[in-house]
Amino acid sequence: MVTEEQLKKARDYNYLKSKYPKDYTPVKGYDFSKSFDFKELLNSYKTTGFQATHLGIAIDLIKKMREENVTILLSYTSNVVTSGLRDVIAHLVRKKLVHVLCTSAGGVEEDIMKCHKPFILGDFKADTKELYVRGMNRTGNIYTPDEWYVEFEKFLLPILEEFYQRQKKEGKIVSTPELIKEFGEKVNDEGSIVYWAAKNNIPIFCPGIVDGAIGDVIWFFKHKHPDFKIDVSDDIYNLSNLSIEAEETGAICLGSGLPRHYLLNSNIFKGGVKYAVYITTAGEGDGSTSGSKPSEAYTWGKIELFKPYEKNSVLVEGDATIIFPLIVAGAFII
Amino acid sequence: MVTEEQLKKARDYNYLKSKYPKDYTPVKGYDFSKSFDFKELLNSYKTTGFQATHLGIAIDLIKKMREENVTILLSYTSNVVTSGLRDVIAHLVRKKLVHVLCTSAGGVEEDIMKCHKPFILGDFKADTKELYVRGMNRTGNIYTPDEWYVEFEKFLLPILEEFYQRQKKEGKIVSTPELIKEFGEKVNDEGSIVYWAAKNNIPIFCPGIVDGAIGDVIWFFKHKHPDFKIDVSDDIYNLSNLSIEAEETGAICLGSGLPRHYLLNSNIFKGGVKYAVYITTAGEGDGSTSGSKPSEAYTWGKIELFKPYEKNSVLVEGDATIIFPLIVAGAFII
Amino acid sequence: MVTEEQLKKARDYNYLKSKYPKDYTPVKGYDFSKSFDFKELLNSYKTTGFQATHLGIAIDLIKKMREENVTILLSYTSNVVTSGLRDVIAHLVRKKLVHVLCTSAGGVEEDIMKCHKPFILGDFKADTKELYVRGMNRTGNIYTPDEWYVEFEKFLLPILEEFYQRQKKEGKIVSTPELIKEFGEKVNDEGSIVYWAAKNNIPIFCPGIVDGAIGDVIWFFKHKHPDFKIDVSDDIYNLSNLSIEAEETGAICLGSGLPRHYLLNSNIFKGGVKYAVYITTAGEGDGSTSGSKPSEAYTWGKIELFKPYEKNSVLVEGDATIIFPLIVAGAFII
Amino acid sequence: MVTEEQLKKARDYNYLKSKYPKDYTPVKGYDFSKSFDFKELLNSYKTTGFQATHLGIAIDLIKKMREENVTILLSYTSNVVTSGLRDVIAHLVRKKLVHVLCTSAGGVEEDIMKCHKPFILGDFKADTKELYVRGMNRTGNIYTPDEWYVEFEKFLLPILEEFYQRQKKEGKIVSTPELIKEFGEKVNDEGSIVYWAAKNNIPIFCPGIVDGAIGDVIWFFKHKHPDFKIDVSDDIYNLSNLSIEAEETGAICLGSGLPRHYLLNSNIFKGGVKYAVYITTAGEGDGSTSGSKPSEAYTWGKIELFKPYEKNSVLVEGDATIIFPLIVAGAFII
């Protein structure tokens, strides 16, 4: 039997005397009763709570990067380029709204493959066997037919040949940033990221360049020319130099993996990026770099430790295909 | 050493002869080079791939629900009401754009608590001890001070007293939908979901009503009146009747848990909802109902099995605070 | 060009002077070179890092609960009972190793359905349409044929009839804990949780009892007897009383959802559970109660706030089907 | 009002005539009433459902790899080596139980750093600022003090110097597998993966080698010797050759990211790995390679497409620190 005293204590436990906070930001969602205003919708995210609030903070941080003329480093994983976000990034690069790019092999080659023909919208649940038989490679709900890879090989081989000849004649080993720049100069398509990066002198870093179709073609190529080499040391050399030479840097990271880790790691040498925006679906529980939160990056000196710290970074949990267009609209466009 | 034959086979494996698909939807992202148009942005999601495509499908499915005058059932978990989405749902209920609601105890009581004062925007990483000492209960990055619960008790006790008197005099046990309707009639706040639900005769179902502050107050109350009862059988009775009587039904499910399971389960009796839109962050790996995908619901007869099936449902992975306002804008507003 | 000074600063940033910590626990994995010893494997988890460490802490906390004779409250979601963990829980209840149970409707009814025949091991990727046509309801990779539900109705109807007769004659409304106790007395199967719970007087709380097959049968039943009622107020009344009357309590929570929230919430009145072990796959990003971490529960007073706090709780991320048998072995058996 | 006919139909919908399946595997959990037997526990996982079943399948598939003398390729992300699993992998390599390794830069360098001193067990929730000030770099709940990195530089610089001299004298550019092999020959620690890999001639592939501390030291080094180069083309060349030359291959992938993608991609050329076991926490929703399931790999020809397909692969969702020791015990030890 519960006693009177226990009941009294229960009340005390349940209703701790809480002092009214004097200043506070009220939680408030978008007001759909007024005539619709997209800018207001974006503003309302900040007070909606949970990830919507993080989205609002992300827009604010990127606005600050722009106002303070910070050098903006953008990292993106391969799937970002598989998706329609490739077109969004191409726009940012074309307009010089971002200044340094880090990506994985797929983030380079799929951009080029899309110059051949667009990728195909499909279904996560499509029949595995049927896709295989039809030569339709599936990435989530997007298909890339084998044909695209055949085209890509046609594009890549002469470039490899060219650098191989230079290696033979001048002893100069091609480096990854150099190779990607050459892609941009050859690709001749205004929809492409590498095209605009080359044109606007925006470097693309990609140490894992052999992990994908580029690697496949190199493998074939090396069976003819086993002495062909690709240098990866200039990739880190140039990236870290750039990070240090930039007065201040800000990071926008779409997905995580190698590209995000690489971008952030290169900024340890300058005391960390000044601002960081992460968009990711990964969780921190297994200790992977993909799931790590900004709070982890601070301990490594990858993000500058403000006082009070953790106000110069934000992680928006979710799929960048939904979130990034909203951020671009809010921070770069309207 | 790799042989010539192996090399040849490698080529075959790598470049399967893929037939050109004749008709296909190209993957394409939003074109930021044109002057910004929110409607176009929403349209572009459909061809952006991954969850953006699912978002686009969700908008289409809800548009169909509306065009076909389907009875729309909306389920939402407690945290949805903690967030600013409470204001979005209140709008939908006020305008009678949704017709039946399923939620958890928190989804009812926090709507009422917000009539006292708004909740407070905070931080996921706030210091635990400091919050406890200040009586600031944390839900993600939103705080609800204890004071709000004190106010809620003041609101609830006279209502319980009233129903208890009725029980004593007329032998009528209050049911959960009846109790919630009474809340709506007493709350007198145009920002509230239960207010508009009562006004517009939109029923709210909540079998788990004692799991939260309502239960806490009932516990105190029963120490005075141990014979007080709340019936939960009319909750399922009325919900299932409504689902059957509705010619056709469509489900919009924000978060998962009990509210989504309950809503969908009640539609087995009519052969399943005609359309279903899920928004959730849960994964299917542990077999929980929260993480289950529409493909699971089909096997139970919760969603009608079309031919070809699985075109009448979609799951958008992500946090509803970002996603739902976009869906409401696209399917109900613009 | 990077200057000498910048290089020097880079070194300083990269190699902060770190003092050697004097005492520390080294990260160390299991040593497979010795002859295999399961107890050693469990011990090694604690120093393996990431979730393995959390698993080790979970075992320690439950050992403490047992040593200190704390009242152990176990919550589990429906899918736990769908899986083979049902047999593990039945063992714990039979041996009185846990003392109070909280679950959802599925957690009650599927235990009973398994007394008819075991559930069927299947595949997450099985063909949706084929399963539907065969009446095979899928929960993850487990199937429950419709037949089981037919049997369950045969089991449930006479019990409802019995309580309805009592209601008519004596005016006594059946409560949810009472109903579940009756299930346990009727089920007559030593493999069952409700059987042993009834036998050993271990109460089962389940406010959401109408959310599932029990609710379905009640719906049919009420079409004959619309005045039949089920009281849910005694569920919270008894649970909170038990929590308060127990000198000290500890929580083990398999999955989250309503059962975990309900269990923890009932302990606010006593100043919180002394120890808490969560096993879950949900993330905290969307503010849902399912994804909330112990740090959130402290702010509500659901877990007792020790100094230093957060040493009396742990969250093990992952699927309980893998993790819980290890915990049971380590904390209850060997 | 629900009609008699609707009620009848409701029964039909709810209780579809399901034929009894003649043969089926019953869901059954471990029987803790018998005296404890670890082998039985492992066996019971297969019939427990959800991820436990996947764990059971993973053990079976690896047993098959071993029985059929398949060449086993093991990929692991950096965090795996940060954790105590480094000791487990070192054992497998020492005993030649796996035959080819793919990892990321951290997976190489942290193995070497641990030869200096073990890493430190910490807390996910540790104070960010305090850790930073103390030079304690956090990876999940594991710390690596800066000192370890200072030691690592001392280890690496002479090796770089050596290869640089060779480059100057013989014109031979060091490749990534060659560099890692040299690490193994210099490290002289029987606890180390690279040590045993060098000793047992088990190659380690790591195209992203400059993404981490190795890259940092190279960056410093190149300020003295800007013409120093590292070739990454032999990494893909050797890995793909090995995959083709192996009669049959099987993949065990701890975590995902670049290492898993790279390992699987190299097997397209031979028609795919014969068996694949994934352990990961990533979800497929955002189309990232990290979250992709085996069903995606089949479409690319990365896993051999059996009839019936998808029986030669499994994905176990969860943290490898808990899961992998169980798999090693079940498939390699007991």
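Each chain carries a letter (A, B, C and D) given by its place in the written order, and its residues are counted from 1.
What we mean here is this: a residue touches a chain if its C-beta (ideal position, glycine included) is under 8 Å from a C-beta of that chain, and two chains touch if they have at least 3 such contacts.
Remember, it's a predicted structure, so these values are computed and weren't measured experimentally.
S.K.: If you walk from chain to touching chain, how few steps can bring you from chain B to chain D?
M.R.: Between chain B and chain D, the shortest chain-hopping route counts 1.
S.K.: By the touch rule set out at the top, what is the minimum number of steps from chain B to chain C?
M.R.: Counted as steps through touching chains, the separation is 1.
S.K.: Which one of B-C, A-C or A-D makes the same contacts as B-D, at least in over half of the residue pairs?
M.R.: The B-D interface is reproduced by A-C.
S.K.: In angstrom, rounded to a whole number, how far apart do the mean CA points of chain A and chain C lie?
M.R.: The computed centroid separation for chain A versus chain C comes out at 37 Å.
S.K.: For chain A versus chain D, what separation do you get between their C-alpha means, in angstrom?
M.R.: 23
S.K.: Round to the nearest whole Å and give the separation of the Cα centres of chain A and chain B.
M.R.: Chain A and chain B have C-alpha centres separated by 30 Å.
S.K.: Using the touch definition from the top, which residues of chain D touch two or more other chains?
M.R.: Each of 2, 10, 14, 16, 49-51, 79, 82-83, 132, 136, 140-142, 216, 240, 268-269, 281, 283, 285-287, 295, 301, 310, 317, 319, 321 in chain D touches at least two other chains.
S.K.: So in the complex, which bits of chain A are touching chain C?
M.R.: 1-2, 6, 9-10, 13-14, 16, 49-51, 241, 244-245, 268-272, 283, 285-287, 301, 317-318
S.K.: Contact residues on chain D for chain C in the complex?
M.R.: These residues of chain D touch chain C: 2, 7, 10-11, 14-21, 24-33, 36, 38, 41, 44-45, 47-53, 55, 79, 82-88, 91, 94, 117-121, 125, 132, 134-136, 140-142, 145-147, 149-150, 153, 216, 220, 223, 281, 295, 310, 317-319, 321-323, 325-326, 328-329, 332-334.
S.K.: Can you check the complex and tell me which residues of chain A touch chain D?
M.R.: 77-79, 82-83, 104, 106, 124, 128-129, 131-132, 136-142, 171, 173, 176, 207-212, 215-216, 218-219, 222, 226, 228-237, 240, 255, 257-258, 261-262, 265, 268-269, 281-292, 295-296, 298-301, 305, 309-310, 319-321
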